[in-house]
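Each of the next two complexes has chain A plus one other chain: chain B in the first, chain C in the second.
On to the complex of A and B.
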């Protein structure tokens, strides 16, 4: 008999029925009388300066309710969860840092008119050399994406003495690993709908963090946070990609200017082109062990391409650094993680937050060491796994609920039961 | 020729933001009829937080799951619960909801204690009832079991435990002009990281996992098929085991796409494959047999021992698949994704070295 009555029960998911029968209301399902449709004009170049924008023909097009450019942003004109470096709309004379930067917004009676209006806007952009590789971006002579330089953050972790640790190692493996940029591919693209009643801006939006969204709307509209109400509509997945602002500030501005309900729904292509991505990494890892396979020293350098804007970049690289050893106790550790700007699509939070990349690397290292020492993959992991009483790379003392050994044992038991056979010997 | 291989991947994952404050708040209102309203800023994006938070509130107050309604993620109504990220909502919002539920329950317990003529410590809550704890010498489980057996035989429960329903207690509270509202918040116990050494306590707790993948590699085409994945996850406590299994299975699917298929192709900063005809994801036909294993090493600061599973589910999958590919054909691919081209190139390289 469980000590709990409700916890531990597989009760039906609260939202399951509505989603299965199609009753759940996603933002694109919500509409109001007199609603306008919003579209954004986006930069076709990765690095440049917006010299001039002429939207007179678009504004004159019948059915267009509003055209907004950078000068129309009433507040800060920047957003970002960690660093406010991304413009709501790029202003004349200011920098474009990626393909997809917003140059203008249109609200119109229907989507076709909105698209037509976008085509009538003329932009003059002075192109700059784009920086596309994070390693090149780190060189002193690289073109600067930001005045302060292209290296956004450096996170260091140092514990013990790795030189001594490697000196005492019987085996050492060193390898460079690379991981790719990937897309979240949530089933529902970004969408929202906003209203302004003359006092409060209310919006329904697909989001992972409505309270953060409200703060960015308030700052950029220059209104009180209590005058913004963000309601999460049913959300078709996020995986970290809906932690950043997409349609929120744009919709709020258009609703306030037009005094009409405004809806904005990304196409799949728009979503993939403009949303954040998983960071591509270059990881160099060196791991040492004694003759029995006990880990002695670990060094790791990580370079993450965070793209044009910070988003969750520095947080991602910090998490990578903290987790780079894997769930193992190593006495001597030296880790450096660089978050680097480029003119690529910005990378941000994505399920795993910088840890899938380093896990790919540290787990290859463990297998290579096991092979050199002549023990099995399970044995080397059991030997080095964190336990209650272990110290992590950041010097954190782990007191309790350290279940890595239990998961190794549970997995190994299942492997025996269903007869998974390792070609190279025992698991 | 097709060859099979097996590989292992492990991971750990700190729950919550790294070395930064990241609190969550919640409000709980126990209504006139004994049903419960939970207000939380936590956005349910399909992962099941509305469900888990309802279970946590129901357990703490002593009502049934269906008695609780969660209103979430509306800044005009709900308190800030921070981001649905960092696998933090079960642990952090779970603690916030539990704390709010406890505060509201405290008001009920005060009144129930008066009604039952005992101290609050002697009252236990469950299944919409507040009961006086069994007398010493008899365990609660024994008393409950005895009552259940009697009811099963068509007799009255025969229990000597005195009890009142939560609805009765609420009625009494209202007669006294007492509302049963609770507010709670939680911020995990962390420190910042030292700028030079990175030393500190970045997370209050960590989730752990081990996954083992079995693959089949076609040496002629380089194609990798994932056959089976065993996924053992220490989640502290599974609030809803089926939802935890769902997270694990979904994670393995995403991890498999990461290992073998998915890659954004860029040209001068422009995404070339920006639709699902050219950006390849695993489909249901690609997903292997998955054996989710829930390991519970309860976290003493977690709500009923819970930690988190959202992100851990996918973290070791690519690592396990890469190690399995090496076991199958003896080549180690060190850049993701592990495409047929890369495998064939490495196999050729290996063959040339051997010749």
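On to the complex of A and C.
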């Protein structure tokens, strides 16, 4: 056996020492002399058109260094990891698509002045009927959140013939499942600090995605990528939620305009209102099995509420479609997954990326099928589990390294051990 | 607003500062005194990231007015240990893998200290109850409790420590 220094050893985490000492620098821990504090004015309505914005009183307030609105965005004024549909600041005459859309930015000598300035900005919004349910959003007469329509993406998987499969089934279970929106609630709210030094914007940010952030800053400031430097500060949790842009473009704009260091730290309320969420799903699932419990056919429709902006929505729903059959081999499969815009908070990446929602559904189906067939939940899973040689729903031939059977067997052995212990060693 | 003169002991050192009547302890520590080890997670006393010790008790510094610590003793994570001389809790947190993103860590360490200072051998349940006000969103509670328990057991009167010495 070879000796490794790291593999197989318990190695202290590289930054653990700085973190237990209190020296690790999270973005909100960094400051520079002459630093300004930034705050954003957020939309109070979920759907509307920004008609007019008057920030003269805010700009005149002593201690305010800059007030920026949509017209001040030098570049594209849009960002998004897959589709560039989220505005940096909503411009006059343009759409507001969720509560929390940015309407203006303020940089001031301290946070209290910045808050005061926000309160002095007058906005005139023409309210539109918000669309808060993805199923309602899919109807032809639903108010359009985007001109292109509310269905952002459709993913279809077809394998075999499900009609024939259900005809040959001895038992069929059909159910609808709904999963809820989930907030990541990383313990550190979004934060960053930016400098404009010469002609380069440098920032330290709480992020999972510094390279992507740099591209979005460059596009929206209309400057070269070589003029943007994004440094990931110690990051207090992300769980997928810090893959999207938060303070980055706002900070860069304010640093360039004021030529002073600018720091922006979200309050917890602001973080919850403006960060991405886990997609809420409506899943309709129909699963058939023969009299022995072997799966015969599977149909599934998934509607994912991606909220006002795409974020990772199309990717999340693709992953859900691909994994909807779970770790089971089914000969006949038909899956359709819709990513739908609403005026809810935008949903994006979160631990598991669309798979936990469908797992909740396919595992409930397996339990119900087992009961109908008259076998145990373990038996029906072992009977149908993917193995080397299986074909997945997408037609992938699994050659090796399929762990579900050994995992089920190990879990079953542990259950037997615990049951035995509880009975005091008596079988 | 007239400023208030206060004097308090911060990490073993007597400090005299002038504070506004509405200044929070967390802002005094982080923004005025540059002690950024204490974190702000929620600003309303829910998450415990801002935990400091006030006369030995774990408190949320985001809910305390700075003026309130006049005449008191305050300990922040910076006063717990140093690179050269780590506190046993800091050592245990590193060794047990109890540090993930690290944002809750300073508050966790101080809450743990406030427990061990009055109860050197708490049960796992007592540890869990005592850190209930400190949220870890990486959900690394098992390892955090392991680390605190390790320090408690290092007390030489502890049964598990004796077992270890006897090579059992």
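Rule of thumb we're sticking to: the second predicted complex is superposed on the first by the 414 of 427 C-alpha atoms of A that agree within 3 Å, B and C clash if a C-alpha of one lies under 4 Å from a C-alpha of the other, contacts with A are read in each partner's own complex, and residues count from 1 in each chain.
Rule of thumb we're sticking to: a residue touches a chain if its C-beta (ideal position, glycine included) is under 8 Å from a C-beta of that chain, and two chains touch if they have at least 3 such contacts.
It should be emphasised that the depicted structure is a prediction, and the values quoted were computed from it without experimental measurement.
Legend: residue contacts after superposition of the two complexes on their common chain; A:189 is shown touching chain C, with no touch to chain B. By the document's definition of touching, of the two partners only chain C reaches A:26; chain B does not. Of the two partner chains placed by the overlay, only chain B lies in contact with A:175; chain C stays clear of it.
In the superposed three-chain model, the partner touching more residues of chain A is B, compared with the other of chain B and chain C. Touch criterion met: A:240 reaches chain B, while chain C stays clear of it.
Applying the stated contact rule after C-alpha superposition, one finds that A:227 touches neither chain B nor chain C. Contacts of A:268 after superposition on the shared chain: both chain B and chain C are touched.
Of the two partner chains, chain C is the only one that A:17 touches; chain B does not reach it. When the two complexes are overlaid on their common chain A, residue A:95 makes contact with neither chain B nor chain C.
In the superposition on chain A, A:393 contacts chain B only, with no contact to chain C. With the contact threshold set out at the top, residues 10, 12-13, 15, 185, 235-237, 239, 268 of chain A are in contact with chain B in one structure and with chain C in the other. By the touch criterion given at the top, residues 3-14, 17-19, 41, 43-46, 48, 50-51, 54-56, 58-59, 62, 64-65, 70, 72-76, 80-86, 126-127, 141, 193, 195-203, 205-206, 208-212, 214, 228, 230-234, 236-243, 251, 254-255, 257-258, 262-264, 266, 268-271, 273-276, 279, 281, 291, 293, 295-300, 302, 304-305, 307, 310-311, 314-320, 322-323, 326-328, 332, 334-337 of chain B touch chain A in their complex. Per the touch definition, chain A reaches chain C in the complex via residues 10, 12-13, 15-26, 28-29, 31, 184-189, 234-237, 239, 265, 267-268. Residues 1, 4-15, 46-47, 81, 98-99, 130, 132, 155-159, 175-183, 185, 202, 207-214, 228-232, 235-240, 242-243, 268-269, 272-273, 277-278, 312, 315, 318-319, 321-323, 326-327, 335, 342-345, 349, 351-353, 355-356, 359-360, 362-364, 366-368, 377-378, 381, 385-386, 393-396, 398, 400-404, 406-408, 410-412, 414-415, 418, 420-424, 427 of chain A are the ones touching chain B in the complex. Taken together, the chain C residues at the contact with chain A in this complex read 30-31, 35-44, 46-47, 49, 76-78, 80-83, 86, 90, 93-95, 97, 99-106, 109, 135-138.
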